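Only one structure is covered here, and it is reproduced in the block below.
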Amino acid sequence: MNSFWALVRRDLRLAVREGGAIGTALGFFLIVVSLMPLGLGPDLNLLARIAAGILWIALLLAALLSLNRIFEADYEDGTLDVLATGHLPLELVATAKSLAHWLTTGIPLALLAPVLGILLNLDLASYPILVGTTFVGTPAVSFLGAIGAALTVKARRGGLLLALVVLPLYVPTLIFGISAVSAAAGPAGMGAAFLILAAISLAAVVLGPIAAAAALRIQLQ
Amino acid sequence: MQLIAEDLIVERGGRLVIDGLSFAVSAGEAMVLAGANGAGKTTLLRTLAGYIRPSAGSVRCEGGDVELTVAEQAHVIGHANAVKSSLTVFENAAFWSEFLGSANETGGHIESALRNFGLDDLAEFPAAYLSAGQRRRLGLARLLLAKRPLWLLDEPTVSLDVASTERLVSAVNEHTRAGGLAIVATHLPLALERARTLELVSLRMAA
Amino acid sequence: MQTLTQQLANPTRFMDLSARVLPWVAGIAAALIVYGLYLSFFDSPADYQQGETVRIMYIHVPCAWLSMMVYGLIAVSSFGLLVFRHPLADVSAKAAAPIGAAFTFLALLTGSLWGKPMWGTYWVWDARLTSVLILFFLYLGLIALRAAFEDESAGAKLTAVLALVGVTILPIIKFSVNWWNTLHQPSTDFTATVDPSMRWPLLVMALGFTLLFFAMHLKAMRNEVLRRRVKAMRTQAVAGRDRLATQPAE
């Protein structure tokens, strides 16, 4: 497991040194959320009602921008070739890199989401639930995204293709992320939707790296 | 230990690149892969490293650690250097040492590997400041950062000057003298000891 | 492990066999569809609620059925390519994707046309429509991913990985869309039992459309095999005319 954590640490260090990517994703998140009231009108009641949906969609789009970074740089500079000769199975290499992506992009986006909730007049009681769902849901974003990133690492027009491939996979995450927030306001509470969201994230953490590793093996040929 | 390739058949993009190649390289030996452009040197090295699955035939190690695959016993130096510009020279080296090595490596080997390729004075600088040749040497330093018996080198002398090339050759010679194996694809005549040459012939015309 | 000769021999046998089977499949498909169209337009009752518009069902349901069956076929083919490296498996997956996408699009289109008289609008976010729409996106993803690679064999395997990811995640998508739908609006009850007088034309049409798909699929596979042969011949011709390339030792 030494090499697993070595890889995670290296990716975190690279993310901090190269900073730009996180900044771009956060900036994009902020701008998409700010554009929404401009398009929908300044009606605070309307905004409060759809705030959770806007935040989740903007978060997914912002995360999408950063996904190609998971494997692309390592592929281009030959690092991926060498990673494949390590004692660490490629599945765990993909896990380490997705984990690093979650730590450097998923968590900052999840932290920014409640702040942006203010702009959308999000109901005060919904804040803890929003924070809960974004923290529990963003692992699915990173680990499912890693599949798309691995599939498109060598592709022409990789960025647009990545969106087409990954966004359908995000449908369950999106639905249960928003359901949990809106159900919390209702009588039943958020229990079921929140638990299913957690289950989706756990499944993504297991299945994402398997599929991503299969794709990476093909890319290395 | 011995690396054995048997009846290798490899296709790339619907074209037959290697047709029924067999050879064995024993401990202490170096093998130079020669041949024109497109003769399949890179393809052969990538097949030996396990990236490419041959259509038929097999690659195996005999007498090595039975629990490890060929790839896990090999250092692969390809066209790219696997160097991160925003990490320092030392951090680059330390990462590969930790990732590729086994746990019982001693602490001083990173310094000595960098010294071997003349990079010890540059250790604290980000790799972004390195010249093409210096980056190549940092890539080559990986060979000494973790102990692995099989070296697969694809055009290792690219962007190296005469002195650096000599340094590489002596590193390969030391490696084979200590019982390692090396397979080197190159166009330059290198002064490798205990070396024989495998001439790859392009199959384009034969098809 | 397959040798090169086996790989070449296999598609050859396929070409022989498919050439003989194809006219029959196409002929039966045409006959069934003609008979089915007659049944659905002239020999079946109008619905007591929906009137004549119910006849859209005879096109819509077969298309919807094919949209799912073809994805299943692509998933099986992808598995065959990745696990058994069967050379025809990829030909099958590649040929099926655009046809499947077309049937999925037809299912959406006919569903939408049916929706206008039924629900008063061309599009409702009904759970089924939404799932089929996402299925359509998955098809587009498969086609686009394959088109994005210079190296066809890598593109084929990567597309196969995506197809298998898709088939694993489709039930979850379906489940979540159902959940989402019950949360937002009562689902339209589509599944009212079909009257026997409508069941027979529907069955004939479904069978006819399925055979139509297989006829198109066989034809597309044959085209793909031929395209690959042309490509292989060109590759060899180009290589053979390179005067600088090393002459092989005689």
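Should a chain be cited, it is by its letter among A, B and C, assigned in written order, with residues numbered from 1 in that chain.
The rule we apply is simple: a residue touches a chain if its C-beta (ideal position, glycine included) is under 8 Å from a C-beta of that chain, and two chains touch if they have at least 3 such contacts.
Just so it is clear, the model here is predicted, and its values are computed rather than measured.
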Most central chain, judged by mean Cα position vs. mean of all protein Cα atoms, is A
Contact-pair count is greater, between A-C and B-C, for A-C
Averaging C-alpha coordinates per chain, one finds the centres of chain A and chain B separated by a number of Å equal to 37
Distance in whole angstrom between the CA centres of chain B and chain C is 46
Taking each chain's mean CA coordinate, chain A and chain C are separated, in whole Å, by 31
Shared-interface residues of chain C (touching two or more other chains) are none
In chain A, the residues touching two or more other chains are 221
As the complex stands, chain A meets chain B at residues 2-3, 6-7, 10, 13-14, 17-18, 76-79, 81-88, 220-221
Chain C partner, complex, touching residues on chain B are 9, 11, 13-16, 35-36, 38-39, 55-56, 201-207
In their shared complex, chain A is touched by residues of chain C numbered 82, 134, 137-138, 140-141, 144-145, 148-150, 154, 157-158, 161-162, 164-166, 168-169, 172-173, 175-177, 179-180, 183
Chain B residues touching chain A in their complex are 46, 49-53, 68, 71-72, 74-76, 78-84, 86-87, 91, 95-96, 98-100, 102-103, 139, 142
Touching chain C in the complex, chain A uses residues 147, 151-152, 154-158, 161, 164-165, 167-169, 171-172, 175-176, 179, 182-183, 193, 196, 200, 203, 207, 211, 214-215, 218-219, 221
